[in-house]
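Here come two complexes built around chain A, the first alongside chain B, the second alongside chain C.
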Partner chain A sequence: MTEATTPADETPVLEVRDLEVRFTSGRSTVYAVNDVSFAMRAGETLALVGESGSGKSTIAKAVVGLVGPEAGEVLLRGEAQAGDRTARDRATCGDVQMVFQNPVGSLNPFMTVEANVAEPLRNRGVAKEERRMRVRELLTMVGLDADTLGPRKPGEISGGQAQRVSIARALASEPAVLIADEAVSALDVSVQATVLNVLRRVVDEQDVAMLFISHDLAVVRNVSDTVAVLHMGQLCEIGPTEDVLAAPAHHYTAALRAAVPEPGVPLGDPGMTDADPPSPRIRPAGCSFRDRCLAATDLCGAERPPLTIAGPGRGVACHHPLGGAARTAEPVDVAIEGVLA
Partner chain B sequence: MTLAPEVDRGVLAAVRATRRRRRIDTVATAASAGWLILLAVLTLVSIATPLLDPYYQDFLGAKLEPSLAHPFGTDGNGRDVFARTVAGAQNSLVVAVITLGVGAVGGTLIGVAAGYFRGALDNVIGFLIDAVLAIPALLLIITIVSFRGPSITSIGTTIGLLMIPAFARVTRSIALTVRERDYVKAAVLIDTPTPRILVRAVLPAVAPALVSYAFTAMTAAIVAEGSLSFLGYGLAAPAPSWGGIIAEGRSDLATAPWITLAPALALAATVMAITTIGERAKERYS
Partner chain C sequence: MTATATEAPVLEVEDLEVDFISGDKVTYVLEGVSLEVRRGEAIGIVGESGSGKSVLARTILGIRPRGTVVDIRGAVRVSGKDQLAASDGEIRSRAGSLASMIYQDPMRSLNPTVRVWKQIVEAVTNRRRVPAKDAQAHAVDLLRQVGVPDPEARAMAYPGEFSGGMLQRVGIAAAIAAHPDVLLADEPTTALDVTVQRRVLDLLEQVRAESGMGLVLVTHDLGLLADRTDRTVVMYAGRVMETGPTSIVASTPAHPYTKGLLAAIPRLTGPVQRELPAIGGSLPPLSAPRAGCPFAARCPVAQDRCATQRPPAVAVADGHTAHCWAVADEQEATK
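Showing the complex of A and B:
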């Protein structure tokens, strides 16, 4: 991204550049995230989708600084962040907050709901009276009654309520980026809608950037502006959610979309071989999807497809993209800028 | 909806069995609590009044059989075994409490630190624990007590130090799992200071296991003190402790078995009572 094309106020709130994360235990290494880049602006929701083990949650952990990257950078408002959270500037630490998958499990079971929400304020030295008022505001913001739910313990409230308490706690830090890691996956479908609406309202009203991690395309379509599809730690495709889901350019995106069940409609052919995904313990040489892809050629095994422009605001990493998207040898950064434009 | 009669009967039998078990549990718990309360009351009486003097010797009345005047009889020096058993309870239990305090506090600090911080600290602590466990406990206690003299505090702290590894292992394993919980990660993300995370998030999670293990450790401490005194490395004579009285009565076992039996039964009853109540506490927590 160059200064000329990006005015100061257009600096992304969060930018991830060429991120690589590995986990080593003993002699074996898992290549969890390979060369992933994306950027987000305030008020925007980016969804990370992909199957289990595709590296979605690892990216989230790298962004908040719970795992250190092997290579690449995480930038907040244009400033590079240390890989280890403890080495980060305390002032910007609270800028990224997270809502976890397990609603009840992410709240301290030994504290009341109020105390859980007040904890970030307490840590920043907010006085007791003001804390109480803020907690009340925050709980109201997520649609909960502070009087009835506040004094309860997390074990005494429902999953949907707990998830909204979690959101309230995250907002107490006034974050610039909110990460929702499978935040509605553990909830009943009827409760999902309530929590999703709260998240959407938060993004609009608080002007935060939301990184929404999910494996559920139906939910992703509902909540996100941009979608990034991951497979085995590699970015397959990125672009406006509607466009990408309507006409996928990557074969993996197409397979994911075909696997979404809709009432009364038989499931489509996923367009995928039965092969298992490749082992994450081997650093992929070519395209990580090639073994499962029906369109794979020798080129796919030999050379990793770069992220290239595949339409307005869209990037795809595929040697043989769907829909005859014009392949130009544009560098990765330009593709991301296209997404932002 | 009506069930088939045989099903009905099966269900009824199961219900009855559960009720019977519960009734037995209740009786056992009440008896255990009653015993411990009785022990406490007698101890207070012996401290507050001269009615039960464990040191009063009546050489004309040595090795008297249990009677109204001497409910547990008298020992070889004509001392009242009941008075000595009650006074022994005080010493034995104080040693057990000191042991527990040293073992539980030290073990929890070390175990939680190792489990939460992992890394080099965990490795060093693990090595030290293995090293302590490799030393024969009895030998170490006898050596330390020989150097420091047999006092309530020296015996209590020494057995306590040897209990640290067990407490450390129990608490470490829980701290290890708790640190991976989302609520601990969330606490890190909202910049909760580490000491506060340990106190508000990790310790409460460790507490139930700690409490239930503390009951087991308490009984072990009572038995350990008894064994030490029996071997002659407990409190110095004539100070009474259960193990000490048992040892004193050993030579008269054939002629005056009550000298040994009374403190032995008291020790056994106390250990059983603490175990029973510990089981109850465990059920209540889990």
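Showing the complex of A and C:
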């Protein structure tokens, strides 16, 4: 992956390898991310899904450089990103940009929409006239009218519009990776659709790789090519979104899917026990889902299931995968092999 | 979900109008909302931000915002008792026994420094003297009823010692402690994980079935109401757009707004839509009374009169009503 001759579309833009993140305060340690690997190419969207505490936002922070990994590495265009690099350095170089959940709160309330979008350009030393043109372009790209909305302050526009301004601002740095952390969760359904459409168009047209973090499987199905399902910091399952959601190989994916209410669709079997997830303060032995899993055996408590091939481009970390997923004796050594196959 | 239609409604809201007045600024929050809930019936109120659904729930409870002058017209009766004319003292003494509420964030609606058993029975102990032992036993019973494991020990715990889902069960226990006639739940599962959400909604349904109280589930998520409520009320910009049996509203809605809302929801089943049908435009300003239909500017089938004339309530079928000129025309044509 290090040779510069590799064609751009083959090299993963972002690679996360064996990532481990812990938070320690006093004597207590939270094992937030445990040995997670995945890779993304330009023009692709990978969704991280899971409940609260699954580690999805922590992975995003590790990618941006806001938290340092305990082990493993984050590679950007094949280059390792040192864990001690400050967030400020990373932000200035602009390779990884983030869109947050609260659209109004993530913009500067005292600056106009135009100025908010222009700020990263100004930081990079883009000349005034070019900056003006670029801001117009960016606002148009996210479907906003630069003339009417440009001069307004974030407080004077709607939540959906503010989120589109955040996207325009993130794109101003021409990032290789766009991270959307619950970017549509705070929006109304009618507005959410507009923002999702914008995000998809941006990934297609700008050839950016999007890491889409969400708890909403229906949204994920609509926006992502690949989905990675996390439970308590462990990667349960990864693969093409449509395949994974149509026929989950991991019991946790199936349970998550069964819990999503849809208008006019009766709820299916919950497919899990009533147990709460285990404490993140205990270093996980075995599968983190075993207490909630209906198919768990002694093996699941004793041994952590390795990620194995579960179909074309699919990996599952389960001793007893669903649907008789094709198991091979050879564990997939990095999830990327499964994703890129 | 079985309603005995002969009984008088436990909750009646008639032509409710609520304005918030702050200085010379008036916000017209609710514009003529009417609804009814019968004993043992579950209804859902669905709306996006600015629809007025939370203000409606709070007005039913008798909660008035502090620091804002509120002008309320119309009528709200819970078990025949007028909630609008009641004094603050009366509202306080009725709190929890006539109508009670489950809030979105149990961590914020409970006091973190008070053991949960005391908070669970507050609605009871506020009104009459109860020996501490009895009150505690009642709290333990309630915790058992809402499915909190090891209720004797958990009753002594503080809110911070519970998970989000368990804490919402505590919130439900507190809400039903004084046997209310109407239980309001304002986005009770929005802050919870989807796997937990289901269990909390199952519990609400069980509690309603056991007690026979009326349940009002307020949410932004139309999907949540399916199987959970008998009827759905769709609100937009302070008005009721459509009312009908939940299964019908969720499958064959009559109002263009409900149709648009349903179409914009990403689905887990069926074909993936590369471009979701979004509803263009945004909510009309609430700083002026809405002339005509508030959805007119965003509506794909709007006519000239929609902007100026308030649409009538059109009966689409038995118990299914839509406030829409286009629906009125359709009904006229089929006559």
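By definition in this document, the second predicted complex is superposed on the first by the 318 of 341 C-alpha atoms of A that agree within 3 Å, B and C clash if a C-alpha of one lies under 4 Å from a C-alpha of the other, contacts with A are read in each partner's own complex, and residues count from 1 in each chain.
By our rule, a contact is a pair of C-beta atoms (placed from the backbone, for glycine too) under 8 Å apart; a residue touches a chain by one contact, two chains touch by 3 or more.
Because the structure is a prediction, the values reported are computed rather than measured.
*Asks:* Following superposition onto chain A, is the placement of chain B relative to chain C best described as a clash or a fit?
*Replies:* With chain A aligned, chain B clears chain C, so fit.
*Asks:* Where does A:66 make contact in the superposed view: on chain B (first), on chain C (second), on both, or on neither?
*Replies:* Touch partner of A:66: chain B, not chain C.
*Asks:* Would you mind checking which one, chain B or chain C, touches more residues on chain A?
*Replies:* Ranking chain B and chain C by residues of chain A touched puts C first.
*Asks:* Could you tell me if A:11 is touching chain B, chain C, both of them or neither one (first, second, both, neither)?
*Replies:* In the superposed model, A:11 contacts neither chain B nor chain C.
*Asks:* Let me test your reading of the model: by the given contact rule, A:108 touches which partner, first (chain B), second (chain C), both or neither?
*Replies:* The first partner, chain B, only.
*Asks:* Given the touch rule stated above, what does A:206 touch, chain B (first), chain C (second), both, or neither?
*Replies:* In the superposed model, A:206 contacts neither chain B nor chain C.
*Asks:* A:29 in the overlay: touching chain B, chain C, both, or neither? Say first, second, both or neither.
*Replies:* Neither partner.
*Asks:* Taking the superposition on A as described, I'd like to know which of chain B and chain C A:274 touches: first, second, both or neither.
*Replies:* second
*Asks:* I want to verify one number. Taking the Cα centroids, what angle sits at chain A between chain B and chain C, in steps of 10 degrees?
*Replies:* So the angle at the centre of chain A is 70 degrees.
*Asks:* Note down the smallest distance between any C-alpha of chain B and any C-alpha of chain C in the overlay, whole angstrom.
*Replies:* In the combined three-chain model, chain B comes within 5 Å of chain C at the C-alpha level.
*Asks:* Could you list, by residue number, the parts of chain A that touch chain C in their complex?
*Replies:* Per the touch definition, chain A meets chain C at residues 51-52, 158-161, 188-194, 196-197, 200, 215-219, 221-222, 242, 245, 255-257, 259-267, 270, 272, 274, 276.
*Asks:* Hey, which residues of chain C end up touching chain A in the complex?
*Replies:* For chain C paired with chain A, touching residues are 48-49, 163-166, 193-195, 197-199, 220-227, 247, 250-251, 260-262, 264-269, 272-280, 282-283.
*Asks:* Using the touch definition from the top, list the residues of chain B that touch chain A in their complex.
*Replies:* 181-183, 185-193, 200-201, 204-205
*Asks:* List the residues on chain A that touch chain B in their complex, please.
*Replies:* 64, 66, 85, 90, 93-94, 96-98, 100-102, 105-111, 119-120, 123-124, 166, 169, 172-173
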